[in-house]
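Got a structure for you, written out below as C-alpha cells; questions coming shortly.
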Amino acid sequence: MIKAGIVGGTGYTGVELLRILALHPEVEVSVVTSRSDAGSRVDATYPSLRGLVDVCFSKPELSVLAECDVVFFATPNGTAMRMAPELLEQGVKVIDLSADFRIKNPSLWEKWYGEPHLCPNLIEEAVYGLPEINREEVKSARLLANPGCYPTATQLGFLPLVEEGLISLDGLIADVKSGVSGAGRSAQVSTLMSETGESFKAYAAQGHRHLPEVVQGLEAVAGKKVGMTFVPHLLPMIRGIHATLYAKLVGNPSDLQELYEERFKDDYFVDILPAGSHPDTGDVRGSNRCQISVLCPQGGDTVVVLSVIDNLVKGAAGQAVQNMNLMFGFEETVGLKTVALYP
Amino acid sequence: MIKAGIVGGTGYTGVELLRILALHPEVEVSVVTSRSDAGSRVDATYPSLRGLVDVCFSKPELSVLAECDVVFFATPNGTAMRMAPELLEQGVKVIDLSADFRIKNPSLWEKWYGEPHLCPNLIEEAVYGLPEINREEVKSARLLANPGCYPTATQLGFLPLVEEGLISLDGLIADVKSGVSGAGRSAQVSTLMSETGESFKAYAAQGHRHLPEVVQGLEAVAGKKVGMTFVPHLLPMIRGIHATLYAKLVGNPSDLQELYEERFKDDYFVDILPAGSHPDTGDVRGSNRCQISVLCPQGGDTVVVLSVIDNLVKGAAGQAVQNMNLMFGFEETVGLKTVALYP
Amino acid sequence: MIKAGIVGGTGYTGVELLRILALHPEVEVSVVTSRSDAGSRVDATYPSLRGLVDVCFSKPELSVLAECDVVFFATPNGTAMRMAPELLEQGVKVIDLSADFRIKNPSLWEKWYGEPHLCPNLIEEAVYGLPEINREEVKSARLLANPGCYPTATQLGFLPLVEEGLISLDGLIADVKSGVSGAGRSAQVSTLMSETGESFKAYAAQGHRHLPEVVQGLEAVAGKKVGMTFVPHLLPMIRGIHATLYAKLVGNPSDLQELYEERFKDDYFVDILPAGSHPDTGDVRGSNRCQISVLCPQGGDTVVVLSVIDNLVKGAAGQAVQNMNLMFGFEETVGLKTVALYP
Amino acid sequence: MIKAGIVGGTGYTGVELLRILALHPEVEVSVVTSRSDAGSRVDATYPSLRGLVDVCFSKPELSVLAECDVVFFATPNGTAMRMAPELLEQGVKVIDLSADFRIKNPSLWEKWYGEPHLCPNLIEEAVYGLPEINREEVKSARLLANPGCYPTATQLGFLPLVEEGLISLDGLIADVKSGVSGAGRSAQVSTLMSETGESFKAYAAQGHRHLPEVVQGLEAVAGKKVGMTFVPHLLPMIRGIHATLYAKLVGNPSDLQELYEERFKDDYFVDILPAGSHPDTGDVRGSNRCQISVLCPQGGDTVVVLSVIDNLVKGAAGQAVQNMNLMFGFEETVGLKTVALYP
C-alpha cells in the first residue's frame, strides 16, 4: 500500500484520479490539494465519491506532500515545474499530468507555453509515459511526464506505420475531436452547455500545444523529421477523443491489419478492432482502452487510422495510474480493468 | 463460482448485466441468448466487451439454460413467464428483469400488460427484489421479480415517510424523468437522437405500467390504500432517473433528514445527501447507488423527495446482481463497488 | 419604423432579441450596449448575425438610449431600475426582461432579490406583460415588466382552472424543467457542458425567485391566496421549458379540453393540443408559442397540465417583442410568425 | 403564387421543406404525400406545424401531383426516377432532394446505388443545383438534382482553390462530420439517442455515396481528375455539418482570405468569416447559410478549409427552395432570410 497525493484535485483529471484510485488495492490517497476548496470535504464537491474518499482538500504544502510515495500533478501548466524539484529531492516520485515535462526542448516549450521553463535540467530526466512505446523506461522513472490526450490517441494510431517506415512523414494529417471535459472544469463561456451543446467547430487550427508533443514523439520513433497538420475540434459531448489520421503510404505494406494486431499484441490497453470496424468513443467511455482501426479507402495509397480513447482515462488519469503501476512494480492493469460504460 | 445465463442479451439491460458480471469474481457467464444474433460473438455486437466476455449468442434453449445456477431474463415482458417454470423445476434460480412477476394480482397484471398471465401460481412465490425493503426474503428466493426502474427510485424515496405514517396517502404525486436507455434498444422513431435530443416531454401521463407496481409496493408497506398521480417524462440523455416526489405531511415529523439517514444507514446502496443538497443523476451514472434528498420547501406541509438512480444499474441490472448476491450468499456489494462516472 | 435600444446585448436574451428584431419590419435596432464588449461589432461576438445586424456594442449611455423609441433591458436584475426612470421621463418606452418590475410588493421584491428597490413608485405603474391575461393594459404601457420564463409557462398552464375556480388553490404543485440557456451566458462551473450534459437535477427546491411571481399572478386572477410548491430542474439541453402542473379539482368541471380551447381561442401564441397529446419542447423550439395539454389521469380528481415554451422566446425575448408590438400598435404577431425548428 | 407538392413528407427533409414553405410568400403547398400516414393531418405528425400547414397526407398519385407547378422529392433514393418522367411530361418542374439525378454517369450511379438507373436519358438534362456554381443553368432547369449535404459543404469549401488551380488535385482529404438528422427519420438502432448521444465515430470510411458526387463536381470545375479521401463521422447532435478540408498548395497564392471573399461576394448564402475564425455549426443552425474559414496552419503548404452548413437547410430543403426560387424567377433569397437559431 503506497501513499499518493494529488495536487489540483478539483479539476476533471483530479477527480478522475480519485475515481480510479478509490478502488485501487495498492494505493491510499492521503492528500488532495486545492487552494480554492481547502478545508472542505472532497465528497462535498464530488458527491459521486461519497463513502469512497474520506479526505478533505488541503492547501498544497511541500512538507505534507513529501510524506507521499507518489504525487500526481493534475494542475494547470506551470505548477508542477515549481514543486517537482523539491519533491524529487525528498524521494517522492512525481507523475505530472500537465505539460511541464513533456517537451524535451526548453525553448520549444517556452514558445508554446509562454514562459521560460524553470527546471530545464529535469526535462531530460523526465520519462514520457506512453508505456506502449517505452514501458521499460517508465518502470525506472522518478519523474514521469504523462502524455496529453490528443497525443496519446494520435501517436498510438500512427505508431506502427512510423515504426515500419510505411508512410511519407512530411504530410501527416491529424483531424482530432475531443469531448468538452478536455477543456477542464474552469468557469468559461466557451464551454458552457449553451455554447457547446448541439454545436461543433474546430479550434486552434493555426496551432495547438499538442502538435509539438506529437511531432516530438513520432520523430523519436522515426529518427527523422515529421511534418504534420493538426486540427482539433470540440465535440458536443463530455468524454472521448477520436483521432482520424491520414498519411500517404510508401513502399508496399503487405497487411496493415496484421501489422497493427502484431504491434500491440502485448499491450493490454490497445485493442485493434476487426478489419472494417469503426471505433466508437462510446465503447471506451470510462475505460483505459484505446481502440483502433486501420484502412485504405478504395484500396488507394492513403491510409486512414481511426483511434479512440476516453480523454480523461487513457488520455489522462488512467494512463497516469498505468504509469504509476509500472513505476512501483505493480501489475500494469491493476485498478484499470474496468468495462466501458456503454450505452 | 456460479454459472449464469442471460436470456435476451442484446438489449441494454442484457449488455449492462454483462458489463457488471464480466468483473464479478463469483460468476461465470456461460450462456447469452439472442434469437436475432445467435451464432455471432457477443463482443462483435458490443465492442466494449472485447477481451472480457468470450461467448457467442445462442438461441434460447431450456436444456442449455438448465445447466446454469441462475438465469437472468433481460427480455420483453411475456418471455420469462413462458420459460421460468421449467427452469425452476430443474433447480435453476431465476431473476426476471422484466415485469412478468412483479404484480401480485394476476388480473391487474393482465389489465396493464395486455395478456393473461401464464403461471399465476408462481406469482405468489416470486419475491419482489427491493433489498432495502425485504432483504431477508430475497436471500431465500428461487424466483426473483426485479423491480422496474421508476418503481425503484420512487419507492425508495417515499419509503421512510410511508413506513412512519407521516404523509397523507391519497394524493401522492410522482413526477419522474428517465433517460432514453429506459426505452430499450429497439428500432423505433420515438427514441431516435433527432427526436429525443434537445427535447423534453411527458409520456404515458394517462397511465404507465409502473404505476400499479409502485402503488402495490407502497400499499404493502403502509397496510392501506395509496392514491398516486404518476407522470413520466423522457430526458434528452442516456442514463439516469430522477424522481421528484410530493406528499402532504400529516402529524408532526421531528426531523426528516435524520429519519432518512437512520432508515437507510444499513443500506450500502442508498445514500442520503446532506440537508440542502440536490441529487444529480450524473453522480450515480454507472453505479448501483440511489442518492436521495428530502425537504419541505419554505417550511410548509408539502414534503419533497428527490431521488436519483441509474436506470440500467440500480434500476435494472445492478439491482439484479445485488439480488443475486443475496440469493447465493455472497457479500451484497460484490461486483458492485464501483464509482459513478462523473463527469 | 421605430428605433430600439437593447441594454445588455451580450447575454442570451439580448442576442435573442437581436435574432427576432433583425427581421422585424417595423423596428431598427440602433443601440446595443455592453460594458465588456463596447467598441466591437455585435456580429463579431455573434456570427449568426453577420449581414443582419450592422451595429457595434456601445457603453450604456442614457443620452444615446434616450433617442430610441423603446429600450429593452436584457440585463441582470438591478440594472433596469437604475436607468428606467430617466428614460421614461424622456418619453422612451421601457421593456424590462429582468425581474426589476415584476413584483408589486417592494418588500417582497427586496426579500427575494436581496436589495431595496430603487424606484418603488414605478412598480405600480409597470404593466406585467402576459398579453394572454392583460392585453389591453399592455397596449397602453410605458413601462413593461416582461414575465419570467417559468412564470409564463406556469401561469398560462394554470390560468383557465384558476379563472373558473375549478381547483383547490392551497396545494398547487409546479414541477418545472428548463434548458440551460435560462441560466444565461455567464462563465460559471455549474452550467458547463461537462456538468449539465447527460445529467439532470433539481435546484433551488427550497425557493426560487419565480415562485412569488407566479403566485402573485395567479392570486390576481383568483382574487384569493394561492399556495404553491415550485421545484425547478435543469435539463441537459439548451432551449425549452416544460411545466408539469398538478392540482386537485373541486366542483365539477364538464370538459377541460373544451375549457382550455375556448379560453385561448383568440390567443395566437397559445396552442391547446388535442386530447391525449404530450407537448414536446422540441415543437416550440425557436418559436413564440406555448403548447398545452390538460388531462385527469385515470379519471381521478387530480388535474395535470403540461405546458411547454422556448424559454428564450415566449419565456423572454419573443414575449418582449409581442408586448412591444402591442405597445406600439403593431399587429401582435408581426416578426413572430416563425415555425419551430423541429427536429 | 405557385402550387407545390412534396413527395415523401414524413422524413426530415420533407418536414423541413414544410417549415420553410409554410412562410414562403409565393408558394402554396397543396399536396404532401406519405404512404404510411395517408389520410391523417400533417400537423398531427408534426405539431410544430399546427396552424401553419392545413393539409392531410395523401397517397402519392401522379394525377394529383401533376396539378402542381413544382414537385419536390424528399424520398429515399430510387423513387424520383420512377415518377419524374411523367411529371416532367405534364409540364411540372421537379426538384429531387434524393440522389437519383446527381451522378451523370449511369454506371457509376448503379455502382454506388445498387440498381440500374431507370431514366438515364433524363440524367443529362438534370441540372445539379449548387447555385454558387451554376446559377444560370438552375434558372432554366425543368429537372433539378439537389446536392447532397456533405457535397454542398465540401464543394463550396474547395471551390475557389480548385477554380484557381491552387491545389494538388490528387490527394484531397475531406474529413466530414454530420448531425444525426442526416440519417433520416427511419426506425433504426444505429441512430437511437442511446447509441449516438455522448458518442462519436466514423462510418462508411471505405466509401460513402457522397464521394463520387463531390469528385464529379470538382472535376467539372477543374477539368481534370480529382483524387479524394472522404471520411464521414456521426456527431452526437441533430443538425449541422462541418467539413474539414485539407489540400497541398501548389503555385503561390497571394491571399487566400481575399480569394475566398471575392469568389463568394455575390453569393448571399455563402459567408466567408474573418481570418482566424472557426465556423461553428451552431451559427448556421436553421439557416440556409454556409460559413467558411480558410487558413494555412503555421504558414505551411497545407491549406485547411473549415466549412459549415445546416444539413437540413443548405444541405437539403433550404437549398431546394433556393433552387426553386431561381427556377421560377423569384428573388433567390425569398423565404430564406432567417437568422440561425443560436444558442
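We call the chains A, B, C and D, going by the order they appear; numbering starts again at 1 in every chain.
Everything below uses one rule, namely that contacts are C-beta pairs under 8 Å (C-beta built on N, C-alpha and C of every residue); 3 or more make two chains touch, one makes a residue touch a chain.
Quantities reported herein were computed from a predicted structural model and do not represent experimental measurements.
Looking at A-D alongside A-C, one finds more C-beta pairs in contact between the chains of A-D.
Once the centre of each chain is set as its mean CA position, chain A and chain D turn out to be 39 Å apart. Mean C-alpha position of chain C lies 36 Å from that of chain D.
In this assembly, the C-alpha centroid of chain A lies 45 Å from the C-alpha centroid of chain C.
Counting only residues that touch two or more partner chains, chain A has 12, 181, 185, 194-195, 197-198, 236-239, 279-280, 282, 285, 343. Chain contacts here are complete: no pair of chains fails to touch.
Across the complex, chain B meets chain A through its residues 12, 15, 19, 22-23, 44, 46-52, 181, 185, 197-198, 238-239, 271, 273-274, 277, 279-280, 282-287, 291, 312, 337-343. Across the complex, chain C is touched by residues 171, 173, 175, 177, 194-195, 197-203, 205-207, 227, 229-231, 233, 235-240, 242, 244, 246, 248, 276, 278-282, 285, 293, 295, 297-298, 300, 302, 304, 306, 308, 343 of chain B. Taken together, the chain B residues at the contact with chain D in this complex read 12, 179-181, 183, 185-189, 191-198, 236-238.
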